[in-house]
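Note that subunit A is present in both complexes that follow, paired respectively with subunit B and with subunit C.
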Partner chain A sequence: MRSGQRGTFRERNFKYLLVGPAIFVLLLIGVFPLVYLLMVSFQGITMTETSTDFIGFANYRQLFSDARLWQALLHTVIITAIALPIELVLGLAMAQLFLDRLPGRAIFIALLVLPVVVSPIVSGATWALLFNHRFGPINQIIGWFMGRETILLWTINPNLVYPAIITAEIWQWTPFMFLLLLAALGSVDRSQIEAAAIDGAGWWRTFFRIVLPAIAPVMTVAVLIRGLDLFRLFDIVWALTQGGPGTMTETISVFTYIKGFRQFETSYTAAVALLVIVLLSTLVMYLLRRVELAR
Partner chain B sequence: MKNCFASMCWKGLRAGFVIAGMTLAWAGVAHAQSAAKTAADAAKKICAGKTITIVWEAGLQSLDPLNFSGPLWEKETGCKIKVVEVPTAEMFTKIMQDYRAGSGAYDALNVVPSWMPDLVQAGALEQLDNYVDKYGYRAELQKIAPTYRDNQMKVNGKIYGFPDDGDVFIMYYRKDIFARDDLKKAFQAKYNYPLAPPKTWKQFDEVGSFLTDNLKKEGTYGASFFREAPYAMLMFQERFRVEGGKFFDANMKATVNSPIGVRVFTEMRNENRFMPPGVEKFGFVENLATFLKGESAMTISWPPYGRFAAGYLGSEKALDWVPKSTIAGKVGYALPPGGHPQLALGFALSVATHSKNKEAAYLFIQWLNSEEISTKRVQLPYTLRDPFRDSHYTDPVYLGLWPDAKDYLAALKAASQTGLLDLSLIQTDTYEEALRQGVGRLWAGEDPKTILDDVAKQWDATTAKIGVDKQKAVYNAWAAKSGAYPK
Partner chain C sequence: MTPLAGRHRVRLCLRLVAAVALTLIFMFPIYWLYMISFKTASEIYAFPPKWYPSSFNFDTYRVLFRDGDAATVGNSLIVAFCSTALAMFLGFICAYSLARFSTGGKHLANWIISQRMIPPIAVVFPIFLLYVWFGLVDTYVGVILLYTAFNLPYVIWMMRSYILDVPRALEESALVDGYTRWQVLWKVLLPMCRAGLAATTIFTFVFAWNDFIFALVLTRTEVATYTVQITHYFGGQSNFWAKISAMSVLGTLPIFVVTAFMQRYFVRGISLGAVKG
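What follows is the complex of A and B.
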């Protein structure tokens, strides 16, 4: 009896021994930085102060009264709220266009996907050249239509900075949406669509009643991934405006970079980073739960 | 006999004095001449085969150590130089990160002098006094032009860097335009004083707008400036003080939002109307191109503009990107309006605290900064290092580099004598960042008073966080320097 139980115990726990090292490494990589971040956020490390003594909740008190931080969050939310739906709609439209097998389809898709391959900072630098007030082609083309030289200050004019950043962002990441949604559309059950056509359903009705629900899970994942990426937006903003004019386009990542790496307010930056992690984690869990309930 | 003996004694003494004087003079000459040699000879013994890493501003600045001083040093000492090129905006960050990490990745550093209080307080810079005395460099340090020597070398009375770049804002203007009879006559009739490079900002406004009105059809504007926020911020610092402004009051409350500050901000924006369209986005290169192509009659910038405008680039491949000057021989040099130009950044050579080759790094920077080597370095066609020693301004070779070089060097010397220091406090960059953002908002069309009120608020918040008394001590020490405010 006892040797049987021991055998069962060994069998029961052997699998944990096998996956243990991998889980340990994952925890080390994933959890340790978070724990360290939490520790640093309760210290007072600055440019001139390197003491690791506990200072209580001072950084968190500062965080909640820092108007610039909340403005940076608002800027980030605005960019996300505008860019994300546009990327989704455009990506879906492009995926629908390329759904059918056409000559040269593979080449076109490869070309369409190129922006995703470009490094974001290179993309931002390129768009900075495109938006250049004197020599950039965008102002030149606008000038052709206007019939006179047009000098628009895309990265200074308060009415143009957000369109400039959002345009660059959409150009780069719509292909990502396109790829995911193309794959999702390709896996929709064609027999349902044919049945709907036979029953006299129009294209829009078929799309909203059959296609969209079928691709909803993939769409949710795509929106989630892009939403999280947009929240971390740094490269394009830094290349185009560096958060200016003033702090008008300062996103939470730009704000954190300035605080952490320009002003060396290490502990305060850790508190800010934790705030962002908590906010995003809450949002992600809520969304995933909604998707789960919907299913 | 007694008289004869006394006479012989006196003759002997006199001879002794003469010999001693000659010996001292010879030693002085030998000593002054050998600061570079002293450093090279000492370096041969301790760093042959080693590599010294030095942080240098990326781009044109780095051509000096990459093409001239680095190879020469290696040839003379056997010591290799590795240049780490870093954009100016990232230099402070990189230096502090290396210090905090304790990695010792950098041996020698280029630091902007206004950063020195922060870097010294953090512990990132090595104190150099012992090395200076060991290698007998004090005498040669005294020959650096006083403005740079007295204000960009020491923190709390100790040496932490050798001023190595005579940065200062100079006004460049088109002599030929100002000499035109038709313009002179019309200007005199309109403003009742002669057309000349402006001495006040009011005159600048009048001259600039007049020239634009009359020359725009010829493709030339009255003036152009680099208006991107980091540059315009420095110009604001200068003009604000020239107009009588003070950064802080006696209680360390920020006063940049005083009526003087608001007026300066307003005037800066108003001037854009007679400058080329899009001037708000002009950086160093765009403004240079505009001036070299003859599209503006006046500009203010660092000394390299004068060399580029004179066509002193020759056929330097490294400078292919610089537009060819169409105005060589037509450029005059003057102090900016107000007569007290901003020294505007500059560089000092320092040694990193965590360097594993401190002595070797020190010897390299002494050699670089020495009279003999620095005189050659500031004359390199591709250099951005500007004259900073008294001898540089009168060097016969430099004086002959182009026809107007004499006037150019005279202007640089005059500017260094009346120049204003960059604001330097604890966490200077935080204060400057607020001002940079303010400039960005100014070009975006916001109200100057509102902007400066916000800047002052941010400054006060930063001061409170650092500690009012602590910052006040640093500010008062800075304000007491001769170049802090116009005298």
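What follows is the complex of A and C.
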């Protein structure tokens, strides 16, 4: 019963008409700029240089010798490598805590979800207030434990900026992990767990042999989504340190922004942006092939 | 009381204590942020810090409304609303085609979702140059178009996953009854996807509402959103903290209220449909 055989032109092309407008917008905003980016990256436009002559691969050569760029990439990887496992483990522990019946469970969960929907720039600003060395409560609380007045310069001291950024990041996104893992834990087959208990398996053994494998696909998806988000990290860092002190906390997004919109190295920024897109697309394509995201 | 029931009770109490402690820790930043907006300048800059205002004072809010800063929340509303409506319409019909006719095969679907993964900073740069060219910087049209494009992959991906859950038989019997494909889409399928549409709409809206980097680059004064407005207060001294706080309250409170009502849609929404919530 295929409609195509007897259908009119309109009927046969219906499926393309439906896809058309969306594809058009995506091409306009998603692909056209990339082509433009490619072109600009071969030119030599800067704040003072407006000539659009092509200068070959100079910008790409500069990529490889730009230590600040690779450091920004490294900072991004460091933050991801520390924040992501903590979010995962903490989220899993919280999911386990709220899995069984608990008085007020729905209210706890409703409150714990809130950080996820706060705009990242707002949460960055919030943590800037909390970490303020003099008027913020964090130094005050640390002072109580130390038993004396404590002034820690969270957003200035090179040893403390990363803990500050990572704390804000963990606060905002652990609830994300928590929600996904709670849903995953809730759908684990209870009879298997009970059978394991009857066989005398302890809690940890049951957890590692039965529960963890069962929720592994969800964990993979959660890590994938968060990993990609962390790779694009901008707002929280912008609100807390703007990449400082110096360039110590510049992530790849912050670096690109400063190059393009503060220093106006237009063509070089285009090359950086393309590098980021190529790196990330390769990663995404590889991962999408490995993980079946949503069927 | 048997020893087993006693142990059970102790465990429940411990879990409850842990739950309360966790919730307090996670709520504290929001509490602190909100409270600053009600403090007077001397309370904000008190040392040691004061944990609550002596009385609720709304002066900061009054200033925000008087100076027109609060209008940026209106800008956020306009661009988030329009781009969501547009993305939902275009995304829904596209998702239908992908789900029912496998238009473009797996490659098109994968290409669409990969669009979502591109870092905003990389696309916003050429788009900015493009917008300068076309005079779209700091216009509603420019921002709405960009948010629509940025949200489309998400909407298409989500709606495709929901439509795939609706049995085909319903649509086929409607076709036999003489409905056109277009009518089937709106009269049969749309009502079946109501939950999915609601969830996807909310998330699309929240993305646009919370966005900072696109708005930072593409707006100046006319259509500056509340997230951009907040960063204008950064780095200052005196009463700027109160403004950051009050503006954040205006920007987050609507989302909190919506979230409270949409709780059950959350899991599927934030997991790109990978986890059926």
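We adopt the following convention: the second predicted complex is superposed on the first by the 245 of 295 C-alpha atoms of A that agree within 3 Å, B and C clash if a C-alpha of one lies under 4 Å from a C-alpha of the other, contacts with A are read in each partner's own complex, and residues count from 1 in each chain.
Definition applied: a residue touches a chain if its C-beta (ideal position, glycine included) is under 8 Å from a C-beta of that chain, and two chains touch if they have at least 3 such contacts.
Computed from a predicted structure; not experimentally measured.
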So, A:Thr48: does it touch subunit B (first), subunit C (second), both, or neither? first
Give one of first, second, both or neither to describe whether A:Pro158 is in contact with subunit B, with subunit C, with both, or with none. first
Taking the superposition as given, does A:Ala214 touch the first partner, subunit B, the second, subunit C, both, or neither? neither
Applying the document's definition of touch, where does A:His133 land relative to subunit B and subunit C: first, second, both, or neither? first
Have a look at where A:Gln263 lands relative to subunit B and subunit C in the superposition and call it first, second, both or neither. first
A:Gly244 in the overlay: touching subunit B, subunit C, both, or neither? Say first, second, both or neither. first
Give the label of whichever partner, subunit B or subunit C, reaches more residues of subunit A. C
Contacts of A:Ala201 with subunit B and subunit C, given as first, second, both or neither: neither
Return the residues of subunit A at which the contacts from subunit B and from subunit C coincide. 134, 261
Please output the residues of subunit B touching subunit A within their complex, sorted ascending. 92-93, 96-97, 100, 118, 121-122, 229, 277-278, 280-281, 286, 426-427, 429-430, 433, 437-438, 440-441, 443-446, 451
Looking at the complex, which residues from subunit A come into contact with subunit C? 1, 3, 11, 14-16, 18-19, 21-23, 25-26, 28-30, 32-34, 36-37, 40, 94, 97-98, 100, 102-104, 106, 108-123, 125-130, 134-137, 140, 143, 171, 174-176, 179-180, 182-184, 218, 221-222, 225, 228, 231-232, 234-235, 238-239, 252-253, 256-257, 260-261, 266, 269-270, 273-274, 276-277, 280-281, 284-285, 288, 293-295
Note: in the complex, subunit A contacts subunit B through residues 47-48, 50, 132-134, 149, 151, 153, 155-158, 244-248, 258, 261-264
Which residues of subunit C touch subunit A in their complex? 12, 15-16, 18-19, 22-23, 26-27, 29-30, 32-33, 36, 44-49, 51, 90-91, 93-94, 96-98, 100-101, 103-104, 108, 110, 112-115, 117-123, 125-130, 145-146, 148-150, 152-153, 156-157, 161, 164, 172, 175, 181-182, 206, 209-213, 217, 227, 230-231, 234, 241, 244-245, 248, 251-252, 255-256, 259-260, 263, 266-267, 270-277
